[in-house]
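Per-chain residue numbering starts at 1, and chain names A, B, C, D, E and F are given in the order in which the chains are listed.
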Amino acid sequence: MPPLLEAIQISFLAMIVIFLVLGILIGVIKVLVHFLPYVEEPAPPVRTQSPVAATGAFQEEDHIAAIHAALAHHLGKAPQDIHIQHITSL
Amino acid sequence: MPPLLEAIQISFLAMIVIFLVLGILIGVIKVLVHFLPYVEEPAPPVRTQSPVAATGAFQEEDHIAAIHAALAHHLGKAPQDIHIQHITSL
Amino acid sequence: MPPLLEAIQISFLAMIVIFLVLGILIGVIKVLVHFLPYVEEPAPPVRTQSPVAATGAFQEEDHIAAIHAALAHHLGKAPQDIHIQHITSL
Amino acid sequence: MNFQDAINKILHSTGFATIEPGQGLMIVISLVLLYLAIWKKFEPLLLLPIGFGCLLANLPLSLMANTDEGGLFNFFYYGVKHQILPPLIFLGVGALTDFGPLLANPSTLLLGAAAQIGVYTTLIGAVALGFSLQEASAIGIIGGADGPTSIFLAAKLAPHLLAPIAIAAYSYMSLVPLIQPPIMRLLTTEKERQVKMEQLKPISQTVKIIFPIASTVIIVLMLPGVAPLIGMLMLGNLFRECGVTARLHETSQTHLINIVTILLALAVGSSMTAATFLTWSTIKIIILGLAAFCVATAGGVLFGKLMYVISKGKVNPLIGSAGVSAVPMAARVSQKVGQETDKSNFLLMHAMGPNVAGVIGSAVAAGVFLSLFGSGDAGAGHTAIEALKTITASLGQ
Amino acid sequence: MNFQDAINKILHSTGFATIEPGQGLMIVISLVLLYLAIWKKFEPLLLLPIGFGCLLANLPLSLMANTDEGGLFNFFYYGVKHQILPPLIFLGVGALTDFGPLLANPSTLLLGAAAQIGVYTTLIGAVALGFSLQEASAIGIIGGADGPTSIFLAAKLAPHLLAPIAIAAYSYMSLVPLIQPPIMRLLTTEKERQVKMEQLKPISQTVKIIFPIASTVIIVLMLPGVAPLIGMLMLGNLFRECGVTARLHETSQTHLINIVTILLALAVGSSMTAATFLTWSTIKIIILGLAAFCVATAGGVLFGKLMYVISKGKVNPLIGSAGVSAVPMAARVSQKVGQETDKSNFLLMHAMGPNVAGVIGSAVAAGVFLSLFGSGDAGAGHTAIEALKTITASLGQ
Amino acid sequence: MNFQDAINKILHSTGFATIEPGQGLMIVISLVLLYLAIWKKFEPLLLLPIGFGCLLANLPLSLMANTDEGGLFNFFYYGVKHQILPPLIFLGVGALTDFGPLLANPSTLLLGAAAQIGVYTTLIGAVALGFSLQEASAIGIIGGADGPTSIFLAAKLAPHLLAPIAIAAYSYMSLVPLIQPPIMRLLTTEKERQVKMEQLKPISQTVKIIFPIASTVIIVLMLPGVAPLIGMLMLGNLFRECGVTARLHETSQTHLINIVTILLALAVGSSMTAATFLTWSTIKIIILGLAAFCVATAGGVLFGKLMYVISKGKVNPLIGSAGVSAVPMAARVSQKVGQETDKSNFLLMHAMGPNVAGVIGSAVAAGVFLSLFGSGDAGAGHTAIEALKTITASLGQ
């Protein structure tokens, strides 16, 4: 068989193999996605950000915690090692 | 000597060797700890957190320093390159 | 040739080679620096810190952005995923 | 002979005097690569160290060519010659890849397959230009637009062509934003380019975890020769998705891939010597590589048009060109060309599906070649060629 | 034969057809390992890549088994065969380990020694089940609950059993929270479990620096065969404590240990082939390993009871079980079982002493085996066996 | 023989009994190195693992010496023997180095050249003390104050002297703050020390990018033997300056250099055995190394005085001593001695120019030696020696 003809035939069959392999993969993915559908995780309750919370005490605690962590990092201590005892308005 | 008997004897002697080696280690540790006791380092004076300081000016400086560092990081500058000139109550 | 004499002559010629190589390097650097002079990049306008800005609204926005980023990091979210809706004086 | 003469002789003894024209030309080529990497940002993570490796390899008497026994880069080249480094790169690529868009729209895998048409037409072209089938395969894979896959296959099937193949692969990957848009515009109608695709559905974490395992099993069963590449790619992705190996994920996608990139790129660069690079083969490979990229782009877009028809206008054919891989640049090109027609059209995430599919597609294409031409007699490709010969023989009767 | 036949033949030519039953079973085992690693969080940093390595090694014709010359994992396995990778893991372990609790209460080293009773009873059991003394030693060390030590010793004394030994070691380490509590409850009285221990004294930095150096000198002088393990463990700890090598400490405990873990685990996984793994030996090793863990736990707790008596009730025997190592899980088990009886009892830090002592203890136990059975004729173990033979001979007279 | 005797025999069988006096002395030396590294902060990143490697190598029967086939450190030593590790260290050094001050004041390169006078006077001294020319070269390079360069050259020209050369190089680098100031004060007048230098001009990014490429081409063309060192140094610097390879820059200057440092230092330490280290050569090398450092400092300062004269008082000769490299300690010494005379004088940035020039200077000096004495017959040095012989012959006529 002349090489060019062989190359053409190889190309043709190789494309078939590729489509076959990737086609099987598609089937597997479809089966997987069908039987293991995405289920939205219940939002972690602690982190809910309702508009109300944003203005209320809870959110404020969160602010303080963030500053607490920043300070801990700044002071080079573990967060549990420092206790914010008083926060004055800057 | 039958293998099982040999195994038992080996086990027995090996336990002796292990206890011997670790026993020597214990002795060395005891000597080390005795002659090189822990001496509490004098607390770095700058970082003392007396309850009084926590409400006073010093602590506030510390807060500002922390925010200063956070800002420096945020602005992508070295801390010494920025100067907080005024802090308004948010 | 006695080894010591050889060593002395080698040392002498080696120093010449070193000065020659580094001398060429100096010439290349001088040419490079001459033809490719340093041009000051125009300062990025957004980050200018005029004394006025430091007390004004712009700087305050920057503070908020910094706290925003810190909070985002603290909450483990991407900065664009959280919206600060209200900031109360702590 | 006086002192003056000695100094003169020293001056004339430098490598400046002993340099050969081929080395001089290779040094110029290495400087061009460095220029493209640094100032044109052509895949700088690869082309900068490749260019620097080429520079050192061609400075006379430096013993830095890949073939200099005991030379530094000879040790690095060991990892290319034995196909150790490309799979480790793929470990990092897997750790960096999100197969989510592909899983949300699995039929985009077909676009990743269609883009491999560039691989096979180039194979035919290479044979027509006088290369052997093995060489032609290694050249064809340039159309797959995956550096590590190209290096892996070239090191196995045509090590003497490794340098131009690697250079062509990375160069054209950088040129994707120039090569693809005209072809994409030519082959699509404005109506097609305006198609807005449905938002991708989210995928459960379990599917994301099972996918790398399942695809490894399937692909390696069918094409065992590509096991190191596909295996490491999917292991990296498993590190990423499984949620319990954060340490290994982090290392794979940062310092491990970086270290391996440095070693691999220097080794590839050190193989760019005048003897292997300054040949007609190199020029043919450069031309064939460009053709491969163009055909691959066209193949992806045309298959996209087919999907547009079959899906009754739900698939924008512009995402087909992303099937060449060159992650994530080809996907960005789809996005950009899409927005030329309609500013509110966001194709990026849709193009990420065929984009990562292209990585798998090229690895599969390499697997077919390995089962056809590799040592051993393994896999679907091998039997395919046997079947082919039987058919041909029976047709000839 | 027509085209239809060709396609059919391709379909039948895949690895699906050539797969052997042993490979199929090994693939199932690899999937079980992946399941345990990902969903049951069984030592995922090791068992996930081990499982994936096993999967690739057993896909037919992939050439990914440790014995496939020129295969990718064959190169990784080089580092296991020559005992290069386990010491590098131990460098990271040392960098991650705080010997402070051990130094504050050095007698807990005896608990780390007592837990090695699991090693030696298993040795006897293994000999009873027909293993040679060398094999039995490598199996016994599973009771030491230290993966790198087990792999190091198995690679030296019984490389053909490496795979099941490594799997057993890491699996049972993961099962510590299930295996230990019943044994601990059975062997202790409520009064013993209620013991609250005195707070640990702080240790000077100087002692923390001298300890790794001194213990290296002592252990290697007495058991030179274990020098690579103990040496690298203590060097890592010295990087941590000395205060002047922060860079090396950081690298040792993050990216270096991560890279080595990936290579080591894939190499171990690639040694799990049907020929070496699907044997009666494996089943025996699995059973012996479980026994080793149980006896080790019992040994630690019983010695803890002895220390309770000697210390007149100051030592809580529950910390004894932590002597098996499996850092830090076994220490957490001590804490948890302690709190079942008294919620206000915090044993964690006290259990960290025997916990890290268990790491040293197992390495010492490995050293004894190496001096008994390793090449060369070095160390205390060797002379011990000579002395033993003399005794036996004299007794026999 | 009873049980008592057996235990006694075990006790006497430990390495304590088999240790040889040479090993004992080497262990003491290793402990001294650890002491200097940890408590005196003598180059701890190198001297700590070197000392620990030496300790392990000299514990009897540990098989941790560099020459123990199959031993752990024998594998690490492979990377020293084949000159793989020092260039990788230099990749990191380049990534960490800012050549800006050198480019702003290129004539400081001459100070880096002048400091190499320490290398050559030591060469003469070493020959006078009976070393061969090759050995003398490797010893002389200690005066270059660059660890990786010293190790690279010693591994090539005098591997049997590697250990004392490496130890001397790193020790004296640590002692720069003690060795240099008296020499600097002795050789300069108060007026000279008071010179305040003009502020350095900024350098364009383009020049910073072209410099590592251009200097590689020039130096390797003239001295090809040093290609691995200079090439990797400049590649690391190119990673740093080019702005498009941040990933590779980050890895080169952190975890890659750290990993290589650990392997290199342990390998060097493992070569410190009694047989190679406890010789008269070592003592001579220690003395010659000190002389080299002193002469190098003096050479830099004296050339600085010359530049002071030529520049009509614009150059402070104190920056000359920084030409020995030992980055950045020698530059800090210039700063400190300068401030002794005038508190408002800031020489640090000015001293960084000669400081990094010293790194290049020593590499160039190594290149001269390699072209003189290395295998092959390459480079300017080689022809220089030929010219020299011709001259000598003609003079002799």
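Note that contacts are C-beta pairs under 8 Å (C-beta built on N, C-alpha and C of every residue); 3 or more make two chains touch, one makes a residue touch a chain.
Keep in mind it's a predicted model, so treat the numbers as computed, not measured.
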Taking each chain's C-alpha mean as its centre, the one farthest from subunit C: E
Identity of the chain that, by mean CA position, is farthest from subunit F: A
Gap in Å, rounded to a whole number, between the CA centres of subunit D and subunit C: 34
Subunit A and subunit F: spacing of chain centres that average the CA atoms, whole Å: 48
Chain centre separation (subunit B, subunit E; CA means) in Å: 27
Cα-centroid distance, subunit D relative to subunit F, in whole angstrom: 41
Numbers and ranges of subunit E residues touching at least 2 other chains: 6-7, 10, 222, 254-255, 380, 384, 387-388
Residues within subunit A bordering two or more other chains: 13, 16-17, 20, 67, 70, 89
In the complex with subunit F, residue positions of subunit D that touch it: 1-3, 5-7, 9-10, 12-16, 19, 27, 31, 34, 37-38, 41, 44-45, 48-49, 52, 55-56, 59-64, 70-72, 75, 254-255, 258-259, 261-262, 266
Subunit D - residues contacting subunit E, complex: 82-84, 87, 91, 209, 213, 216-217, 220-222, 224-225, 227-228, 231-232, 235, 238-239, 242-245, 247-248, 250-252, 254-256, 376, 378-380, 382-384, 386-388, 390-391, 394
Of all residues in subunit F, those that touch subunit C in their complex: 102-103, 106-107, 109-110, 112-113, 116-117, 120-121, 123-124, 126-128, 133, 136, 201-204, 206-207, 210-211, 214-215, 218-219, 222-223, 357, 360-361, 364-365, 368-369, 372, 380-381, 384-385, 387-388, 392
Subunit F-facing residues of subunit C, complex: 1, 3-4, 6-26, 28-30, 32-33, 36-40
